[in-house]
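This report refers to the structure that appears directly beneath it.
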Amino acid sequence: MILPLDLILLGFALIAAVTATWVKDLLSAVVLLGAFSFFMCLIWTEMGAVDVAFTEAAVGAGVSTTFFVAAVYNTTRRTKD
Amino acid sequence: MKKLLGIALAIAALLVLLYGIEDLPPWGVSDQPASLHVSPRYIEKSLAETGVPNMVTAVLADYRGCDTLFETAVIFTAGIAVLMLLRRAMP
Amino acid sequence: MIEQFPALIVVTPLIFAFLVTMAGLWNRKLCFPLVLIALSASVVFAGGMLAVVISGDKPIHYYLGGWAPPWGIEYVIDHLNALILVSVAVISLLVAVYAQKTLEQEIHESKLPQFYTLFLLQITGLFGITATGDMFNLYVLLEIASFSAYAIIAMGERGADFAAFRYVLFGTIGACAYLLGTGYLYIITGSLNMADLTPLLPHLFYSKALLVGFAFLIVGIGIKMGIFPLHIWLPDAYTLAPSAVSALLAPLFTKVGAYVIIRIMFTVFDPSFAIKLYPVTDVLGWLAAIGILFACVMALAQSDFKRMLCYVIVAEMGYILIGLASANRFGLTGAILHIVNDMFMMACLFTVAGAIFYQTGTRNIYQFRYLHRTMPIISALFIVGALSVVGIPPLCGFFSKWYLILGAIQAKQWGLVVVMLLSSLLMAILFFRVIEIVYFAPPTDQRHAHHKHGKTGIVMDNVPLSMVIPMVLIGIGIILLGIFSGVIIKHVIAFAIPSM
Amino acid sequence: MIQHQEDIIIQTVCRILIPFMQVYGLYVLAHGHGSPGGGFQGGCIFAASFILMPIAFDLAAFKKRFAEKRIILLCSLGVFIYAGIGWLCLLLGGNFLDYGELSAILPVDPVMARYYGIAIIETGVQITVMAVMVSIFINLITGGRHKEETQENYD
Amino acid sequence: MEIVHSATPLVALIASLLGAVLILLAGAKRPNLREFWTMAAAVTQFSLIYSMLPHIMQGKIVVFTIIELYQGISLQLTVDSFGMLFALLASFLWIIVSVYSIGYMRTLNEHAQTRYFFCFAMALFGAIGVAMAGNVLTLYMFYEILTIATFPLVIHKETTEALRAGRKYLAYLLTGAAFVLFSMGLTYYLTGSLDFIAGGFVAGSGSQDLLRLLFVAFIIGFGSKAAIMPLHEWLPSAMVAPTPVSALLHAVAVVKAGVFCCLRVILYIFGPELLMNLGLWILLACFVSITIIVANLIALTQDNLKKRLAFSTINNLSIIILGAALLSPDGIRGAMLHISFHGFMKITLFMCAGAIYVATRKENISEMGGIGRQMPFTMAAFAIGAAGLTGIPPVCGFISKWYLCLGTLEAGQIIFLFVIIASALLDAAYFFPVIYNAFFKKTAGKTPRIKEAPVLLVAPLIVTTAFSILFCMFPDAFLHFFSLATRSVQTIMGVL
Amino acid sequence: MIDTLSTHYNYWVFAFLLVVGLYSMMAKNNLMKKLIGMNIFQWAIILYFISIGAKRGAQIPIVAGAHGQGEELAIHAAEYINPLPHVLMLTAIVVGVATTGISLALLIAIYKKYDTIEEDEIIQRLQQ
């Protein structure tokens, strides 16, 4: 647990989360969500929760993002907000 | 309207959360209740009691095996649900 | 064997859910018998546990995996949840029998195995929520129940998928809020077991974190059970769902949520926390009061029968909260009794709605004119259910209302008393409006025709017996629950109430 | 998706990658006892390998191996293994999921019986997770419009 | 007081419930069987209740606990002398009204007769239950059953007007029931008991103001059924119902049950002593006095015979409550006697109105010129009944009014004596034109031809007329109303 | 409240993440955005739980090199990170993915039926 690393990762995660809800392109939003998941994964590794981080990498950042992409593929990329 | 409601709700939730933060144990200390009450047994005994060095696996699959069973059932539910929702009716 | 019942009652429907899936791949006709077997077994298990609990006067503890709490997960069956389990088991069995025919009409045949699987998983979740003694385990089971609910609700008519989507959003907020509340309890106590938390919490009653955690727990469960300001998802979801689904979910899911609130407020937390330390019960009481009036008025504005009933559910939830708000023996007796009674009443009304839809294809109450000519039994059952909700003795709805009023009087909450009385009048208006149409509003073209032939034979319902019989049983249940409410209170509820 | 597009690079990479991913998935499962990993993670990796198949080749090729019925069967089989072990423990006289009781049928002491019990249920979890993830993905990516080879004339 | 534990009250109750079920099963296809069940249930019920009379006359009470509900609450049937009085009245008149309704419904070839007879039996189930209820909860239960069972009878015609009347009926009665529910809860909270005790049981259990509130809530609750003045609106509207129903509503079941409940509240929950201390009786007495006078004045203006009778009913019910509110032994006795005697007389009048309607389809008094010569028996009975209500001997109304007057003197409240006398004069004022019209006014045109209603309609009203006269000569004959009332007064006041 | 910032900063981040998720679930009009908000919401809670388990200077909860050795090793609770929150969150993550799966399936079903995933347009089309 290193404070600067903590802060940087948490900050990145926060930024990723906010931008994911912000951007108008859904595919970008989904990818940003994947990035958010990935930062979370790093944070947890850094906190010592290796199992959770592993799961997060496989499930959250991997499968979940795939699902989202699949859904965007099947619906639309455009959004008003 | 919806935005205003969302903002109001979000601010309310934020205030409630921040109000509660004060009384949480500081991050990373090892003598917080969460680390003292139940978990020591998992850490100290799980290897002896289950033979599994990875405590998370031991707790996940054995001590709290019931959770995991239902969690698997949750996945199963999701699978069946998606199948039922999206699959068009077969003749 | 009987000591294994707490696990069996949860696991049997689960295992049968997988069996149904597998059997469905092979032969779809096998699914329904399997569901019946699983649910009958559950009724036996639940009844057995209730008998044991009543005769033994102490709760059954069951350690899953053989690990003692607080390390392992524990199922505790005491008077309170044994009663709820029995009601859930009985209602779900009856609704399952009832559901068979409506499903044939409303759901494509190829989806039936999956549907039955989710149906069983739903019931697994409800049993588990009721039986478990572990906060986190409750979350997981809540999610099973919710997931299956999302999916089977979405199988309904036009708009059901969107209603289900909103339900997913709200349900996830609810479940996550519950999880967060559990997290707050965990971080300051280090335990997840309900029985273990009980002695740990009173030292921390002044902790802000505990208060926040409690708030999240209540909000989370409140969303799932649809108490007043958090009920927004409920009317759409339950109205548009297939008849069988609303007949299962509407009586059971919300009431199980009410059970969880009672469990958390009065077993996990000391009653003094929510009553004396913080005015939680008062706040809930006023929410309930506003909610009841709001729901009654909204129900009056509906012409869709099922949507009207959905608002009635919101009002009934308000009654249960009033019981909690009065926070004395009477109030809690009323609340617990009302959980059981309301399961039967709502099951009755929603099955009636389904049966009417099955035969006539409409849910608009203004098209129910003179329905009793073509559906005499169903109409009679509707009368039973409706009068019970209005609170006419000796039907069961009256007795719970009576204890709730006693509780509110004892707590000197005159406002709540007035609201309860007023709402029962509103309910009367609500239901007599429909009764009038069903019984006394002949279709205009027939008005003179039947006057001439006073002895026209009655056409019996076209609803198949497999639907009518469970409905009749539920109706009889309403009457019996009313007459024997004293027995239930004396032998079960009296022990289920925490000492104040 | 999934139009049949011949892309030699992707196909080749996938052909090489898929077996390794599957081995890795099994490794994660088997090593879950001593290092991070277990049924969920292994299952997801396994699922990822299968998800690559329809992406790189086409759905029909994938369907040949994984008919929908088979996937459903695997879904329920995994949980069934899990719950079945629980039942087995129950039948052997212990509580539900009390793997220690497995020592009655396995030639080991109760502690090691728990060890193996965990291994078995993790396998079950892996099967379910793998099958469900694949099934969800297939349904999401096609919007439920994929064909079964047994019903070519339909649709 | 000696207690006899016996299941007879329950069996008597179940007789009508079972009757209702059998009526339903017989259905529209077998009208004879259906009406046989009606009669059988009525006769069985009456004989079972009558069989308990000896116990009551010996000063015992018959008790049967159906089921224990909670500490101090049970569903309990208790037959004491007052309850017996009402139960006898209701079950006896049910037999007569049954005969009458069979004639009425068949002659008019009404629709939905099965529902009619079913609800009739259910209403009697409720009414007898009210009579035999041993505590407030049981009373409330049967009270609600009575309300609900009467609703389909009120809107039997299914016309818009009938539906509106039915809504009004429910609105008033269910609101009243809500008040009762509230006061019942309060009573239980204050005393921990709900059992009726002669002379009251709530004394000293709460502050005076709380008890006043309780009393007012009770009276508003039951008063809605007893049609005390601001709450009477539903009753005239409910006249759209078929005449036997109106007879049942006004003479026996519904409004009498309301009055019966009011008396239960006054005498068996609060008790004369407490009410005297609270000073509420005078308020109640003033209220009902206003009702008496105003109802009579309104009755004068009504042209519809049934509506006129309805306002007469409102007046008489209030007289009964006035008698009880005076809290003097004779007043109470008069009130109790008036419950039963008014029942006999008013049912006669309603059956006359029904018979006229069946024979001539006339409902308005102004159209009834010369009808007395067409229907001599009917109108003679009407005249006797009207005379009785006015208080002219030798009809039984005289006896009850006599005791009521004695009661006012006993209580030292001369003003209420004038109220009663004034009401009698007004009674005469609105009944006399009817009789005059019927016998002495010429019909326009044709010579009158004797055309009585069918015998099934006329016979019952002659029987009740005969009883009305009999009870004046021998107030204690056959049904022993006089001794029952006397005994009730004894148990309540301890003196005579 | 502010003085807790140095010792509780990850809880602060958790609170903000949660609120971002909540806001986006409530206020966004696009259903996909709502789902993204839902994911953030869930992941914030997971962050909170993992933070509970963290211990400064402790090892990850795996006994190194202990395969099959059993009881000889003396293990002290303070040396290892609390594994329980990790277990809970493994479950929660999987539940989260399952939620995502179901809601995306619903989303696609909705898109197929109404040809849009904007909430107001769907409501409009439902009312037609």
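Read from first to last, the chains carry the letters A, B, C, D, E and F; within each, the first residue is number 1.
The rule we apply is simple: a residue touches a chain if its C-beta (ideal position, glycine included) is under 8 Å from a C-beta of that chain, and two chains touch if they have at least 3 such contacts.
These numbers were taken from a predicted model, which means no experiment stands behind them.
In the absence of chain E, the touching network of the other chains holds together as one piece.
Number of steps on the shortest path from chain B to chain C, with steps defined by chain touch: 1. Listing every chain that touches chain C and chain F alike gives B, D.
Ranking all chains by how far their C-alpha centres lie from the centre of chain A, first place goes to E. Interface comparison, C-E versus D-F: the pair with the greater number of contacting C-beta pairs is C-E.
Using mean Cα coordinates as chain centres, the one most removed from chain D is E. Centre-to-centre spacing of chain A and chain D amounts to 25 Å, using the average Cα coordinate of each chain.
Note on chain placement: the centre of chain A and the centre of chain F lie 11 Å apart, centres being C-alpha means. In whole angstrom, the spacing between the mean C-alpha positions of chain B and chain F is 8. Note on chain placement: the centre of chain A and the centre of chain E lie 78 Å apart, centres being C-alpha means.
Annotation for chain E: no residues touch 2 or more other chains.
Contact with two or more other chains is made by residues 9-10, 16, 18, 20, 22-24, 28-29, 51-58, 61-62, 66-67, 70, 84-86, 88, 90-91, 94-95, 97-99, 101-102, 104-109 of chain F.
Within chain C, residues 14, 17-18, 21, 64-65, 136, 140, 143, 147, 150-151, 154, 161, 186-187, 192 each touch two or more of the remaining chains. Residues of chain D that touch chain A in their complex: 1, 28, 36-38, 40-41, 44-45, 47-48, 51, 133, 136-137, 140-143.
Chain contact summary for the complex, chain F toward chain A: residues 9-10, 13, 16-17, 20-21, 23-24, 28-30, 32-33, 35-37, 39-40, 43, 46-47, 50-51, 53-62, 81, 85-86, 89-90, 93-94, 96-97, 100-101, 104, 107-108, 111, 116-118.
For chain E in complex with chain C, the touching residues are 27-29, 31, 67-70, 73-75, 109-113, 137, 140-141, 144-145, 148, 151-152, 155, 158, 162-163, 166-167, 170-171, 174-175, 178-179, 181-182, 184-186, 188-189.
Of all the residues in chain B, the ones that touch chain F in their complex are 2-3, 5-7, 9-11, 13-14, 17-19, 21-22, 24, 26-30, 32, 34-36, 38-40, 42-44, 46-48, 51, 53-56, 58-60, 64, 67-68, 71, 74-75, 77-79, 81-82, 85-86. For chain A in complex with chain D, the touching residues are 50-51, 53-55, 58-59, 62-63, 66-67, 70-71, 73-74.
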